[in-house]
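See the structures that follow.
Here chain A shows up in two complexes: once beside chain B, once beside chain C.
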Partner chain A sequence: MDKLLRNKRTILCFLLPGVVIYTVSVIIPIIWSAYYSLVDWNGYGEITYVGINNFKRLMGDTEFWDSVVHTLIYAIGQIVLQIGGGLLLAVLLTNIVVLRKPLQVMYYLPVIISTVALCQMFKKMFGVVPAGLVNQILSNFNPKWGHIEWLTNVKSSLAMVTAVAGYKNMPVYMLIFYSAFLTVPNSLVEAAKIDGANSFQIFTKIKIPHIRPTIFANLLLVLNGSLRGFDIAKLLTAGGPINSSQLQAMYMYKQAFSSQKYGYGSTVAMFIVTESLILAILIRWISSSRKLGGR
Partner chain B sequence: MKHVEAKIGKRSMKKQIRNVMVTVVSVLVFLLFVYPLIYTVLNSLKTYDDFTSSPQYALPAKVFFGNFVKVFQSDFIRYFINSVVIAVLVVVFTVVLSATTAFAISKFRFRGKKIAEIYFLLGLMIPYQVILIPLYLTYAKFKLLDTYFSLILPQVAFGMPMAVQLFLAFFKDFEEELIEAAVIDGSSIGRAFISVVAPICRNIIITVATLRAIFSWNEYIFSYTFISSKKMMTVGLGLNAFVGEEGLVDWGPTFAAIVVTVIPTLLVYMFLGKYMQSGLSEGAVKS
Partner chain C sequence: MMKRKITAVLTLGMMLAVCGGVSTAEAKTYKVLSGSGEGVAAYDVFHAVVMKYQNEVDSDFQVEYEVISATSDLWQKLQMYYTADTLPDIFAISNGTLAEEMISNHKLVNLTEILEADGHMGDVAASMVDYHTSEDGMMYMIPSTFSGEFFVYRKAVFEKYGLEEPETWEDFLEVCQTLVDNGEYAYVMRGADYVQYLRFASFPTWTTEGREFIKGLTSGAYTYGESELGMYAAELLQKLGAGGYFVPGFDNMTLSDVVDTFMSGVGTIMYANANYTSKLSDLYDAGEIGWFGIPVVENVQGTGSTIPTHGGKAWAFNKDTYDNDPVLQDFVEFYFDHIDEVSYDCGALSWYNSSIPEGKLNALMTDIGTKMKEQTVSWVSWDDKLTAATTTTVGDAAAQLCYGTITPEEYCEIFDKALVENNG
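Here is the complex of A and B:
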């Protein structure tokens, strides 16, 4: 048996196909991207090596930095909505006695509806001409409110994108935190009750600290997901109006595929990869030092 | 005695208030998460006159299926078939490749197992848009743009990190004696993997398959980038194309098209949702 498990040919048969597919379409393209970030290329003509010039240009590119700021705002919104909202929903779920299971199933619906379908729904609900659901309801209270431009207004476009993205993913974290709350030992909660703690204190002093590692791990996931935010902004507002809801991944896409600047687009891509890696290291570090320092 | 009664009364009162609050909030949350879908379904059954004469929150005057007829008369069937073919192939390849890879990493004896595990974890951190440019340029060079292959490859590859993780977690507690017994009975490791290991992995396979099927069905950015011809479009792209052609004037068909694209995921979710949810929360609840 041991010999069989050491057999090189068997190992290769099992390991190689997966490793090759993964390497060819995930790892190698990233290395390639790193190379492209140092060149100037429109996709068919000559490839000109420009060194770090693309990065220098990036530093002074205001449209790019605007998109980074938008991404930051978007990310903060995702943390509030997905982690904060997810926690609140998880608490709600633990308190529901009747029909808990079917409600849990229903609350999860936005996650499984495709982004395209969801964005089409929201575009109709927040439509202006003809008036969508929201404006129709609002106009019953005040006729002026029937013409609010939710998605096509510089002031609200990014907020709408952030809200819809948070809405779509909130139930995932509801479920994760709900399962995490179930791992809190009942004896701890009972002991706190005997000591006279109310449910709010039990929540903040016992349950939250107990699931802190889960919260940190998911904070990382949400932040990481926010850096790559694209679909909803693209589908809901197309980054507009006047780039007011353009996220960094969209700017990369625009540079590469609309302007055919594959080199410069890759430079933006490398910026995003660097951000992700720094973030991963940072959060790892914070969560491990927290663990060492105790509560 | 009276004092105790009052206390109990106060308590049950408090409990009742709490119950009412929980009920109210859970109904509100229900509306928040489910109403958009109800609204879409109701509006898909409305005639054009319904839209102009009554508000969108009203019920349809009478149930009208004409919008769905319009959807099925368009190219939607084609988009549908494309998405099904892609989703099935993505699921099959993701499950097979992840299961074999994870099995090798967890059970075979070779050096660098830990590195292999981390190597696959990397994929979870990488923003997938980053590979769009090199992949697009490579596809263009080898005339692979606008093919099923162009969508299946990245979907399988980006599905692997999570799937490999799920399988690894499962194989950790998997008893080697079972394989040993099969091997002693004269079957090869490959045979034993199919006849002994795979059946035991049933639940984890369904979990991975459900997750990937829904991700594949809902996938947007790869198809938006790599697909250009109408006959290769997936439902996501097709929905947008359809709305562009039909939906600007008449909203009914748009709502019907949304319903049509959502139905398959709803069905999968209805029957296999518990596997999907367990897959999503597993690995996430870890200290």
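Here is the complex of A and C:
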């Protein structure tokens, strides 16, 4: 068996399907996109080569940069909610003895509910006219609060999108962290206790360092997902009002499909790919740096 | 012996497969790309004609539907089919740049020639001819429904404040102001997409000049900013937004949200189309709601048409299939012979010029439909005439104008810049 697994052909056989699928579904589309980013094309007419003009235009496109800022705010929000919230819920779960299983299922519910249904639910809950559940409750305290526009106010729409996306995905990371906490050797915790460490110290000095690789892996996943954030913003606020919750992936879609500017849309796509790559490298570098105890 | 048996069974199987293959090739299944599914008039009427044809002419006539209800997804799919040269046999389409491209490449059947040969050209309602006639004076698509748009209002609220149905935009603004001053929600606005914004931005130009305004604009005869009508429309949009006439939370409302909100008793005026008449008919029969057409610009001669009529997502036939297929040719002829009666049988307004048979449609649809058939100028949708990029830019700017983040002058500037940058 060992001999077989050391055989280069065997290794190639195992690797090839994955490499082929990845190349066809990721690498080739990126190369294709890179080509389209250098042309002007509406999807069916003549394709005109424009060189780096699309990239020049991108640099001065204020709507695009607004969407980048929105995406960064959204990403920070996702890190706080998904990593922070997920970690918190995992800690709670590991410390709760009674009702752990039902709570686990309950926390996981948002992941099971379809995104469309979840967004519809939040739209109804935070509706203004007719008043949704939240405004109805608030109006009991102050009639004016019954008219708060949660989703259609330029100041709160992005926060709402961030909150709903965080709520939807937080349980995934909760489960990952929960599983990671279970791998912390009991002997380490017991030894720390004997040495006089309290619960907080055990958490910060023993458990967190032990699951650090998981934290960084999750961070990478959350950041990557956030930079490509689209569905919840599209379904909940459609990027509005007046583009106040428009994320960069939505802007790419708007340019490529609504405006039928496939070339310019591909330029935005290339920006997102580059941005994701840089952030991924950065996180890998930070996670493996000696300062943080990496190897 | 066993081998022989197996060989015999395999041979028989192969022969059956070959025979089956021949029979499948004979009974062609026509591919239909539809913009609506069951329960929507456009689909129901088309399907009823197909069923009638199967029952009366050719029981082997088979169609296979691909339904894409979301408009933008539908046009993207159609564009994809066109680019890949795999257009369906019959498909939903709209006026616009893609249709023009297909016409110039001889991909669509010239339906004017067929309607004339069948003696039905004179039967088509005037505004539907106007709506579907392309630049070369021919129709390459036919309506899927005869649709019209109108404002609906609550009669009791209007009576309470002594308000009349507005005939001009000045009246409309006054009505809205009175309602807001009295603590009423004036207008239930569809703000989730740019459609209603662009409607308001184009109403004054449409009631005054029909399709001439946008034609002049795209041909470069004048700029939006230079045009008095353009500036009037921009100022109207700004006044509507600044006046606080729209219900709170309108920015997230789709057309069905608007209708549901209005039906739940909130808001005084809304904009609806003929598809919603069945939903509204009980309120109309009870005398609770009334309707009015598009207000006009005060003291300016208009076209006389005040109900925007259009043919929904139109039907077109693939020329490559049609030219080589007598069955499809026969079906198209049958379609034109029976569309009038089938439409009414399905409870939909026919796009032929016939009078509406008694008891076939509800009272609201009958009243609006009668008026629709009198219209001579059809609705002019800007997204048909402008490029997709310009429409998106102008739609965004119209929303900003409503929110008061840009001025009418800036809106005009954005409009003109988009026209130049996107070639129309």
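Here, the second predicted complex is superposed on the first by the 262 of 295 C-alpha atoms of A that agree within 3 Å, B and C clash if a C-alpha of one lies under 4 Å from a C-alpha of the other, contacts with A are read in each partner's own complex, and residues count from 1 in each chain.
The working rule: contacts are C-beta pairs under 8 Å (C-beta built on N, C-alpha and C of every residue); 3 or more make two chains touch, one makes a residue touch a chain.
What you see is a predicted model; the values in this text were computed from it and never measured.
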Chain B versus chain C as contact partner of A:T237, first or second or both or neither: second
Which superposed partner A:T274 touches (first chain B, second chain C, both, neither): neither
Which superposed partner A:L5 touches (first chain B, second chain C, both, neither): first
Partner chain in contact with A:P17 - chain B first, chain C second, else both or neither: first
Broader residue contact with chain A after superposition on the shared chain, chain B or chain C: B
Touched partner set for A:V129, first chain B, second chain C, both or neither: second
Contacts of A:G43 with chain B and chain C, given as first, second, both or neither: both
Partner chain(s) touched by A:Q260 [first = chain B, second = chain C, both, neither]: second
Which of chain B and chain C A:T204 touches, first, second, both or neither: neither
Intersection of the chain A residues that touch chain B with those that touch chain C: 43, 130, 257
In the complex, chain A residues that touch chain C: 42-45, 63, 123, 127-130, 147, 149, 151-152, 154, 237-238, 240-243, 254, 257-261
Residue numbers on chain A that touch chain B, as the complex places them: 1-2, 4-7, 10-11, 13-15, 17-19, 21-22, 24-30, 32-33, 36, 43, 89, 92, 95-97, 103, 105-110, 112-118, 120-122, 124-125, 130, 132-133, 136-137, 167, 171-172, 175-176, 179-180, 183, 213-214, 217-218, 221, 224, 227-228, 230-231, 234-235, 249, 252-253, 256-257, 262, 265-266, 269-270, 272-273, 276-277, 280
Contact footprint of chain A on chain C as seen in their complex: 72, 76, 79, 82-83, 97-98, 101, 185, 191-193, 247-252, 261, 264, 266-267, 387-389, 392-393, 396, 399-400, 403, 405
Chain B residues within the chain A interface of the complex: 18-19, 22, 25-26, 29-30, 32-34, 36-37, 39-40, 43, 51, 55-57, 93, 97-98, 100-101, 103-105, 107-110, 116, 119-120, 122-123, 125-138, 140, 153-154, 156-158, 160-161, 164, 176, 179-180, 183, 189-190, 193, 214, 217-218, 220-221, 224-225, 235-237, 239-240, 243, 251, 254-255, 258, 261-262, 265-266, 269, 273, 276-277, 280-281, 284-287
